[in-house]
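So that you can tell them apart, the chains are marked A, B, C and D in the order they are listed, and the count of residues begins at 1 in each.
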Amino acid sequence: MNMTHPFRDADGDKLREECGVFGVIGSKDAANIAAAGLHSLQHRGQEAVGITSFSGEEFHSHRGLGHVAQVFSQRELDTLPGTMASGHVRYATTGGSGLRNVQPLFADLAAGGFSIAHNGNISNAMTLKRDLVSKGSIFQSTSDTEVIIHLVATSRYPTLLDRFVDALRMVEGAYSLICMTAEGMIACRDPLGIRPLVMGRIGDATVFASETVAFDVIGAEFIRSIEPGELVQVDHKGTISSHRPFGNPAPRPCIFEHVYFSRPDSVMDGRSVYGVRKQIGMELAKEAPAPADVVIPVPDSGVPAAIGYAQQSGIPFELGIIRSHYVGRTFIQPGDAARHADVKRKHNANRAIVEGKRIILIDDSIVRGTTSLKIVEMMRDAGAAEVHMRIASPPTEHSCFYGVDTPERSKLLAANMDIQAMADFIKADSLAFVSIDGLYRAVGEDKRNKKRPQFCDACFSGEYPTKLTDFAERFSGERNAA
Amino acid sequence: MNMTHPFRDADGDKLREECGVFGVIGSKDAANIAAAGLHSLQHRGQEAVGITSFSGEEFHSHRGLGHVAQVFSQRELDTLPGTMASGHVRYATTGGSGLRNVQPLFADLAAGGFSIAHNGNISNAMTLKRDLVSKGSIFQSTSDTEVIIHLVATSRYPTLLDRFVDALRMVEGAYSLICMTAEGMIACRDPLGIRPLVMGRIGDATVFASETVAFDVIGAEFIRSIEPGELVQVDHKGTISSHRPFGNPAPRPCIFEHVYFSRPDSVMDGRSVYGVRKQIGMELAKEAPAPADVVIPVPDSGVPAAIGYAQQSGIPFELGIIRSHYVGRTFIQPGDAARHADVKRKHNANRAIVEGKRIILIDDSIVRGTTSLKIVEMMRDAGAAEVHMRIASPPTEHSCFYGVDTPERSKLLAANMDIQAMADFIKADSLAFVSIDGLYRAVGEDKRNKKRPQFCDACFSGEYPTKLTDFAERFSGERNAA
Amino acid sequence: MNMTHPFRDADGDKLREECGVFGVIGSKDAANIAAAGLHSLQHRGQEAVGITSFSGEEFHSHRGLGHVAQVFSQRELDTLPGTMASGHVRYATTGGSGLRNVQPLFADLAAGGFSIAHNGNISNAMTLKRDLVSKGSIFQSTSDTEVIIHLVATSRYPTLLDRFVDALRMVEGAYSLICMTAEGMIACRDPLGIRPLVMGRIGDATVFASETVAFDVIGAEFIRSIEPGELVQVDHKGTISSHRPFGNPAPRPCIFEHVYFSRPDSVMDGRSVYGVRKQIGMELAKEAPAPADVVIPVPDSGVPAAIGYAQQSGIPFELGIIRSHYVGRTFIQPGDAARHADVKRKHNANRAIVEGKRIILIDDSIVRGTTSLKIVEMMRDAGAAEVHMRIASPPTEHSCFYGVDTPERSKLLAANMDIQAMADFIKADSLAFVSIDGLYRAVGEDKRNKKRPQFCDACFSGEYPTKLTDFAERFSGERNAA
Amino acid sequence: MNMTHPFRDADGDKLREECGVFGVIGSKDAANIAAAGLHSLQHRGQEAVGITSFSGEEFHSHRGLGHVAQVFSQRELDTLPGTMASGHVRYATTGGSGLRNVQPLFADLAAGGFSIAHNGNISNAMTLKRDLVSKGSIFQSTSDTEVIIHLVATSRYPTLLDRFVDALRMVEGAYSLICMTAEGMIACRDPLGIRPLVMGRIGDATVFASETVAFDVIGAEFIRSIEPGELVQVDHKGTISSHRPFGNPAPRPCIFEHVYFSRPDSVMDGRSVYGVRKQIGMELAKEAPAPADVVIPVPDSGVPAAIGYAQQSGIPFELGIIRSHYVGRTFIQPGDAARHADVKRKHNANRAIVEGKRIILIDDSIVRGTTSLKIVEMMRDAGAAEVHMRIASPPTEHSCFYGVDTPERSKLLAANMDIQAMADFIKADSLAFVSIDGLYRAVGEDKRNKKRPQFCDACFSGEYPTKLTDFAERFSGERNAA
């Protein structure tokens, strides 16, 4: 059993990506540390990876499509000398020209080399790009991140740091960034801190990562989270300085990192991700009990909540679905005879546990609903007497524009149906979601008390905490902060 | 078959492999069904895969190093036409010339084309090969399986079936075979039935596989196990005939299939593998209780026994170790600072669960002991107060010569130490193994009552059920049936 | 265009390349015609090739390292739809990031897509680039050609054609360009016409190429040369318009195209290249006779001049050196015993012709002298009684800054030695070069009569016909037009 | 100009191959020397190459599809240690399983490792194979060479040398072989010496090769030809012994090696190949003069005969056809508009020489006639006034069964038409072939005086010097020695 691999379908029209970023400055093993750190962040993006290093005189880069362990062997890492390196894992890059979009991006500016790795999404990138191109900027990628580079290149401020802050003041949306210049490393988080970013230490070196698990794996010590709106600079002597160019807006970190996106062994803003998920399962058991014989997780992402549900309800936890490790991307149907062969390649019913039983199925979320339907049917084919689906998040009714890859709203099941209709669609005997209040309880906060820390929960509530300039027409009907 | 490259493999002494076999006859989707079936058997061998098909006139073959999904896309499968196909997944093939050993093996005999896929190991292969070579046979692989082909080729019997039986009478050891000739498919299992083999049906087609999970995945119906010593022939009209060329010796199926090797969602000789493993955990809880706060499995193979242990003992089951899916084969150390980085790439402590707790760790077996040591140390680094290791099999004191890849005896921790010394070696506060009697109880049998069904448990007991001609000197001190 | 990898090439100071360009507009087979045309121009650049097509809505591109036939099969060509295509072959691109420099370059400008393929070299590229970068332009390649794109992007003129002319007015040096916009194709040649460019017709389509041989191979009709300083536009209806934005300076086409660079079956500005080379050999026979038994060409480039020398002198032409076609780039020495094995892999003495003979060796030029030395030694090892080297061009004393790849001046043998010293260096019994007057006679012109057409002969004379802004310090001692 | 690349069309149904073999024993650089030697024999086979070495204990092998320089870099050569190595270049290997047929072939026999590289063709291979398979031998390739290995493996003689001679006594046809055993190297030539084989020395090492050019390139000294029917053994101490197991039949070496197949800088049985070809051109000028302005070779193979023809006739030799070096295998038609684009990719008319002229075209042979037709049409398209084709060999009326790749008889133009009909087919104004007597005169022998040395000239005369067991039915109408 195995929890780190997000449950993703193969689909094409991804515009927004989940990503992971990592940086290290001050170690002779910089590129190797970056590769190991990115490897532990692989669940945040499996399609492409890149590392850029700085050897004191020159920047070096290697990028490729695939997993960290496919793109990087010691041979490639040996082409990345120096004591500073940063890297990026990325979800979706399709097409022959995809390599152009693989980060870190790099440019030789008049002020020197500038490298950038970005987790998040800039919600006015298209608008900014149109303006830049009209003045002569030439874009090479289709990535929103590239606008930051051109804003830096064309800024009138004298120093590279000033130009960078000048550029950030023009962008809106979510960004956790790790940048490199000849002088050192800059890590910063958008004013609301939508995407995570943490700082640690290994020996004399400073490290930054999207999640704490990266520090565990490389043997680094966790120091603290980068604050929302904070910009941290580290030079080659190890001097660290903190800046707050955006004042002190109230933070709104992404709650979906707790529900699904982060690794369960990470600690996010002081909370154990595994612990939160188990607690969500407990809240769910209280809010939505069901008479059943066994609690069965949809592996792997449903497992912690299922353990919590089982402990709270007293119903035994059992592996009623077995997941295969060996799922290839371009696999083939065995022919007409096999029903739901694609889902069976990944998940197979453990008939000995399922047959004749009333089961509670626990999953993290429902997006389009097609996978849930297949899983429920697989349970029935294996002889389940009743199937009660329980979901460890509120209904996903809204798209994310801050870097979590969700389909457009019209394809979200919860945007189109009420809960009973959803239950019918997935053919479950009953269906329930944890409430948004229950979710806040599980993380130890209170959605209704705005004096307490709040999250970005736009995917559940539609309350977007920033302007969405590029999407203004499409989403004029939705509530947002503008 | 290929005679031009019989140079020794880099790892020439790796003669024993774990493998999976699959066959289908009577379907227009034969190659696709074989690929899907092999995909579900991937856990039995991840290093190489091959499929051979028969299109009515010719045999076609594609083999490669890697996973099923890496070696086969629809493009390769389209080169394998016909209504009959068989395939093989294999554990270890290293070196540039490794492809020679990838099965199915094939030869053009005077009686026509002959293809063979083999799970198991022939324990007099070297002896037979010496004799064949002295008479002019030219071997192309270093696989033990190739002796069967040469025995068939040089047999004096008239029909291909008679030649095949003549060949099998000369070999000793473990073999589940799926062969193809122009006339149809032959599936057979050695006289003791050491390795598994099952038969099913999908539409009008007959299928054979190492495990029932392959039938689930392709949507086939399980019919029955092939009996130990049984040879089943299926022709292109679908006529099935059963032969018993070896009489009716008492079966001795491998008990390690239940402990570790098979998928938990398979049913092996009528027993749910998941159910047996959970029961082993329950026996272990009775035999070797420990005062603790949590039961933590070493994922993934320790999970079912841990669930059983937790249910029996009442101690909560928790995911104290998180496993990454993204472990590449040639990965790199992040540098000197990181302790046990290699094991951390695969397993990471979930500190929130472990810290300050007395934990019971459940794993399936201990081979060399080095991994157990690293896991225990990882638990202590994460703050575990006490670590009690519990193993869901008896001590592995003896090598397997029947197709499970185990190191030579001198490298087996249990062959060299008593249990207290082992506990000290892995730095656990306590260590216990399930007893062999407890293991038999978990599968519902009785080791001491020889009238009841017995297993091959040589890896635990040293009681080898066949001659070991090739290994006679090395193992003269061990008990075997000869 | 690609901004993310502008790290320096391993051979960053290789700024000058020989290249070939080709364009076609108005044919449904545009990409295939481009590939065939580039194939015939392969001698102008063997290291990299690219083709860009326009399908009415989008630009498509495929570029790679290697020969045309290695980079393009029908599969790649099928990804390049449309009735307009242009391509480029290029001499030297080394290192992993080399692909960035492979042309055609492309950018999405505010005014639309813009593609450019360039033969020649811009001698103020570095100076222009510094200025552009200071204003915020981000370069992705190390190619001089990219400055043209940025000049177009940042020009204040309204139309793309005006912007393009505006850009060209800022550049100095040699350029034959084939550009594409959504409106059609633009072919133009620098004011002095240093590099060649010809126009032809195949069916209803218009074609452009560096040499006429490309028209022979695709079955096109030669129309005329593009004039020095002329800019020809062709739209999708086939309308052709000619512009002269630079006035009418006196042309100075490169004479080295006749000596070495063009294919012998091309016709360059009305002169057969083969005929000119044969005539150079005749002039050489008159200027530098030698008492000898045979005339032997250094294959392949010395053959036409050797035929001319033999016909003029009456001494028999014989193949005393045999050239192998199969020279790989990374080949291996057979060991210490073999002398000059590298040159022998390419050239081998035909001992039966050489032994005991007084030979006249004809080669096209001497650059560093090391190859000439090896060839002479090879002749002596094969038993030559006397070796008289005759060179079908004047001594190469100066570097080219206009797109022919020559080493820096300090490595040119003729820049460092007089002719007798050169003869001693290459161990020839005698050495002679054709005079620059003889060379002009061979092409039918007169170097001393400036009213007659003149050439760029800077590599022989040091008389550079343009400013050399980027190289001003290095070459302040040399004569140039500035 | 460039003579070593045979003029070959791309066609599929090749059953017989031209090949080159090379061996070296006694040098620490054995594999490197073999690679360099094979590189110089590349014209004898361009599709596949292999090298096997012996390191004192083990045989090592690397084989691949492609040219020597594509298959072998220093990295591959470093995997081939030892002081003895042999290799093979091969013409045609098609299909995915082609690698099986790439030589040297190797087998582990009871008497030890045995490697074989073969130039020629065994004309009773099919018959022998049927018998071997019926007794249990398993073939892995479709190569005729493999029968020799099985004959050695199943021979009843005690020593490996005796078994080898026993095997050779059973085979008929043409073979020059280089074999390796743990004891040393064996080189031998069939009783009639149909294919060439020469011996040389480099330092203390002994070398064998198909042609002397291989010795030039590696810096070795030519010692002598292996005699027809001779078997030479060299052990690791350098001791050389010669055996004549077949008595002393009258030799019949292949005359086509002189006409076309060998490199012009090789010396074959004491005769300069270039000199013979030039002499054939002179004989042709005497036998078949034509009133013309220029003599034009079809490059490269027609060049020496064209030089001879020009010198004898006094008509000027000119390069009226230019050949491209860059012909790829899978190239693409530029579209319907281009006539004969495939031949133009390789050969292009030099219009300046051809236009308005009466030309004599010299080629080495006519096989199917389709290429000759295209060349003649290309000359006419370029404005030739008259085209007189002269061929430097007699009409090719019969297939070769001894290792030269010729199509079956029905596809040979000369087997189906008289000379006037052939001239009409290729659209030449006149056509003439050198007579077989003229050909013998050119090599200094006399076809009509059987006391003088004779050649295998079966492709011209139909007089096959051996039995053709496998082809008995097909060729019962042709004269042969049986």
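Operating definition for what follows: contacts are C-beta pairs under 8 Å (C-beta built on N, C-alpha and C of every residue); 3 or more make two chains touch, one makes a residue touch a chain.
Remember, it's a predicted structure, so these values are computed and weren't measured experimentally.
Contacts with chain A and chain C are shared by no chain at all.
Common neighbours of chain A and chain B (chains touching each): not present. Chain B and chain C have Cα centroids separated by 63 Å. If each chain is reduced to the centroid of its CA atoms, chain C and chain D end up 37 Å from each other.
Measuring from the averaged C-alpha position of chain B to that of chain D gives a distance of 52 Å.
Not a single residue position of chain C touches two or more of the other chains. Viewed as a contact network, the protein chains form a single closed ring in which every chain touches exactly two others. Chains touching one another, given as pairs, are A-B, A-C, B-D, C-D. Those residues of chain C whose C-beta lies close enough to touch chain D in the complex are 27-29, 32-33, 35-37, 39-40, 42-43, 46, 67-70, 72-74, 77, 202-203, 213, 216-220, 263-265, 267, 272, 274-275, 297, 299-300, 303-304, 307, 311, 316-319, 322-339, 341, 344-345, 348-353. Contact residues of chain D toward chain B in the complex are 58-61, 63, 79, 96, 100, 104-110, 133-141, 146, 149-150, 153-155.
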